[in-house]
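Each of the next two complexes has subunit A plus one more chain, namely subunit B in the first and subunit C in the second.
== the complex of A and B ==
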């Protein structure tokens, strides 16, 4: 089989586009896990919710508030959806998750699994499982750019760029600022940080809110690329879990890099042997478990 | 637990097909066995697997294929499915025990997803439709499992029912034996304090793996039986929804109790058939049950009852 450089590069670039979503989602999981010790199973559902906030804001919101001409545009959705979902996250943390910290960490996983089922179930009832298109893609992001070796859709390039900015921005805040140092200290020893007068419970709440807001942000970015469907999150979360196992949740940079790399590997697999592309990440996980059980960036316990 | 409880339960099991709809009862037995097998791992070893559907559903495909295409008798089909699940359990277990706690759950979930993709894409699984029209066949080539006996006005598939019931009792007894043996004591020690079990000289990984394989095999047996009862092996049974359901059954009934998984399976299966009219709202109801259960009664029905009676049930 003849595989041209162009084909490989275009699939790898499309893969990188998936990779940035993996990166944002696994980054959010890692941030939440660091402070709350909970694996947020609802992450995929909240990513889906973000996409729906954008979709419904565009199609239904105007009618709902009695102004049929009003449509929430794409740029506004990029801000509004993370805020809405972040607020929902804060409510979830305050009312439910915060009651579970003193018990086994597995209960957090089970609770968020239940929440994922609820959110996904509600949307499955009202929306088509095969998905609805999001048609509010801004004019300026239509068309393609010549990258030299290929023509690449402008929108995907934008999605990659803005995701990278958000990922590395988050990394910078956590690893290089004073606020981040509180967060890292809270991850290491919450009791001690409390003793220094830092409001740890508030920090935990905001961290969860920020983590799920990231998921919603990824959801809005994904909306114009894929169709918006109730199951988009469920498909995503399992892959992201594998990404997290491969990278290890101990390191912020680790989860970003792993997400990007695995997206590209997935794209590459599409060229080489397409049927394996949906499982290649899981197979890599198997290899990593055999070779380096703690994950590529994980610390041996 | 005392003898009378067991005798009452066995008599109830024997009389059940005359009282409730036999297919419902068999479905219940399959899921109850599945939940009991799962509980061996979660309740007695402290390992949360989020991929048990791979064994349950995977075995149902194997049994379906053996019986339908290869023309084997049902007991060999079930045996084949069970062995397959044990083997798969060995592979998945060996990989998953390399990570602890929450990672263990994620690894099992991801590995089960591979099985799901195979079931979706492989040429012998029927893709989206699954394997349909699996024949029940003749047990040992002698007893026709399709035969019905008319009691009153309704024809009852008693041969099939008692086959499923006997297999359930066998599986349940094996789990019961495992829990109450020195082997089970070690599992409990690992659950309570793994480093201490290691320092006492136990090869913890080997015990975990053995528990995993037994649990996988019996989950597979449950799936194999289900494929004979419904004459169908479907994608639903290998999907992560099923993995979640068995977690819910165990949690709802009571993690680490003998009767809990039975009560949990009964509740969930009844909910599903009673509420089948609400369509996909059932997912929401299952989700709400999860949340309520985790927040309000983490011990489950049987666990809370046991606490009230100050007895281990």
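== the complex of A and C ==
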């Protein structure tokens, strides 16, 4: 088979499009793991929840509050969904996760996995498993841009751009600001940081809230591209965990870069041998674990 | 005394005997129950779903609600496009709910599972939704009827329209299960026979919503025709996204191999105009179809697709066959169904063959330009009517073991 430059570039571009979703989700996981030591298996379910806040806000909210003409538009959903889901995250952290910090990782993993199954089960019961279309894509993002090698829909370009901004913004706050240094110090030695007068439990709660808000943000971004379904998170979370493992658990920059790269590798595989594209990430995971068990960006302890 | 006793016993025996005879000839369980088992919530729910149940209920009402003096009931369920759920539901219906006939059955995977089970249980299936030709070939049963269309007719009529007018090289985007494989296989045969070439295919899961990378693969194949061997929301999304990525602007043409009126409605005439495809029914064909469809629209707020109109026709003819047979016994009803002519608003020149295939005229449709459309549902025109004998697989080619060779 002849492989043209155009084909490769097109698939890699689509791969990058998937990659930004991997990046933003694995970033949330890395932040939560890095600062809370919780393997947050509920991440996929909260991503799905974010998409549903956008969908239901657009289709059902107006009727519910007695104003049938009111629709939560896309831009508002980008803000509202992360806030709503972030608040749910804070409740989860306060009532459940905070009891588990002193135990092994495994307990947090089991709890969040259970939560994910419950949330997904409830949504499967009430909503169409194969997905509902989200029709609130703003007019200005309709249409396509000619990139020379392909026509690329404007909305997807927007999703790539805004995700990159959010990812690198988060990295900057955690690695380069004073607030970030508190966060990192708080996980390293909570007692000492408390002694300096910093409210560590509050910081941890807000961190979890921010991590899941990122997932919800990704959910809203994804809604107009893929349709909104109760299993959209479950399909995503497996790949995202592979990304986190390859990048190195808890490494912020690692998760961003790995997410983007693996999306593109997946796209490239589709050109070479399409059926392998769904497994190539796991193949890479196996190799990385054999060669560098702490992940590409992880520090050996 | 002894003589009196003998008389009593003998007359009692006669009464009992005649009683059982009457039951065997009439309606079992004192009710005729029709089950609509189909995709009620998934990618095919708009073209079948609740709308199929509405059509069946209409047929029962039009028939008078009773047959041979016994009531007719309709129940419905969602098989969620999972063959295991479909056959579990069908088993429950046959064993506990006294269901006599199942119709709808969108999704070939589900249809094959239910038809097999129904065959074992000696219950009738009148399949209006699924497309696979396996239903009347290697998987045929004495109680299975394939009513509306199949992948042979779709592939043949569409290929005969597209290939001679220049669509020589094909690349398929195929739903990865029984239906898609069957549609791709049958269409490929006709394309090759007509002198066309198959450049390749890519398979996607039924649950796919993002077709972009499959579309790019199809694009880079360089084929003139991208054949969509899928249906419902899959087809709608693929066509919409092909537009987003500007594929149709570069001279490649998308051909939907199975399209329903509801898909065109959802795509809009702007996107869909000029597309040609094969259908077993169009609501605006003549006075009879319009009369039925307008009544249906009043209830369901959408015009009937071929699956939905077919379910009405299947139910009506099933009830007529019960009346003619004087019984709802599956063997008696099947014998009647296979011997009567099916002729109503839905089917012209209809006949149910030994293999269970209901053959009738098919239509090559073309989507109207927005300027040609005079109403919300004025979507299509019939380009060509293909007689039953030319559209469907000849009985001599059927591999069904019920066909005497």
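Operating definition for what follows: the second predicted complex is superposed on the first by the 300 of 301 C-alpha atoms of A that agree within 3 Å, B and C clash if a C-alpha of one lies under 4 Å from a C-alpha of the other, contacts with A are read in each partner's own complex, and residues count from 1 in each chain.
Simple rule for what comes next: a residue touches a chain if its C-beta (ideal position, glycine included) is under 8 Å from a C-beta of that chain, and two chains touch if they have at least 3 such contacts.
Quick caveat: nothing in here was measured; it's all calculated off a predicted structure.
When the two structures are aligned on the shared chain, A:270 is found in touch with subunit C, with no touch to subunit B. In the superposed pair of complexes, A:120 makes contact with subunit B only, with no contact to subunit C.
When the two complexes are overlaid on their common chain A, residue A:11 makes contact with subunit C while staying clear of subunit B.
Look at A:251: by the touch rule set out above, it reaches neither subunit B nor subunit C. Applying the stated contact rule after C-alpha superposition, one finds that A:152 touches subunit C and leaves subunit B untouched. The larger set of touched subunit A residues comes from B, when the choice is between subunit B and subunit C. Comparing the two interfaces of subunit A, the one with subunit B and the one with subunit C have no residue in common.
On subunit A, the positions that touch subunit C within their shared complex are 4, 6-7, 10-11, 14, 17, 128-131, 144, 146, 150-153, 225-227, 229, 231, 267, 270-271, 274, 277. By the touch criterion given at the top, residues 48, 95, 98-103, 105-107, 109-111, 113-114, 117, 121, 240, 244, 247, 251, 279-291, 293-295, 298 of subunit B touch subunit A in their complex. Interface residues of subunit A facing subunit B in the complex, by the touch rule stated above, are 33, 39, 96, 99-100, 103, 105-107, 109-111, 113-122, 124-125, 234, 238, 241-242, 244-245, 275, 278-279, 282-283, 285-286, 289-290, 293-294, 301. Partner subunit A is touched in their complex by these residues of subunit C: 41-43, 45, 80-81, 202, 206-207, 209-210, 212-213, 216-217, 219-220, 233, 237, 244-247, 249.
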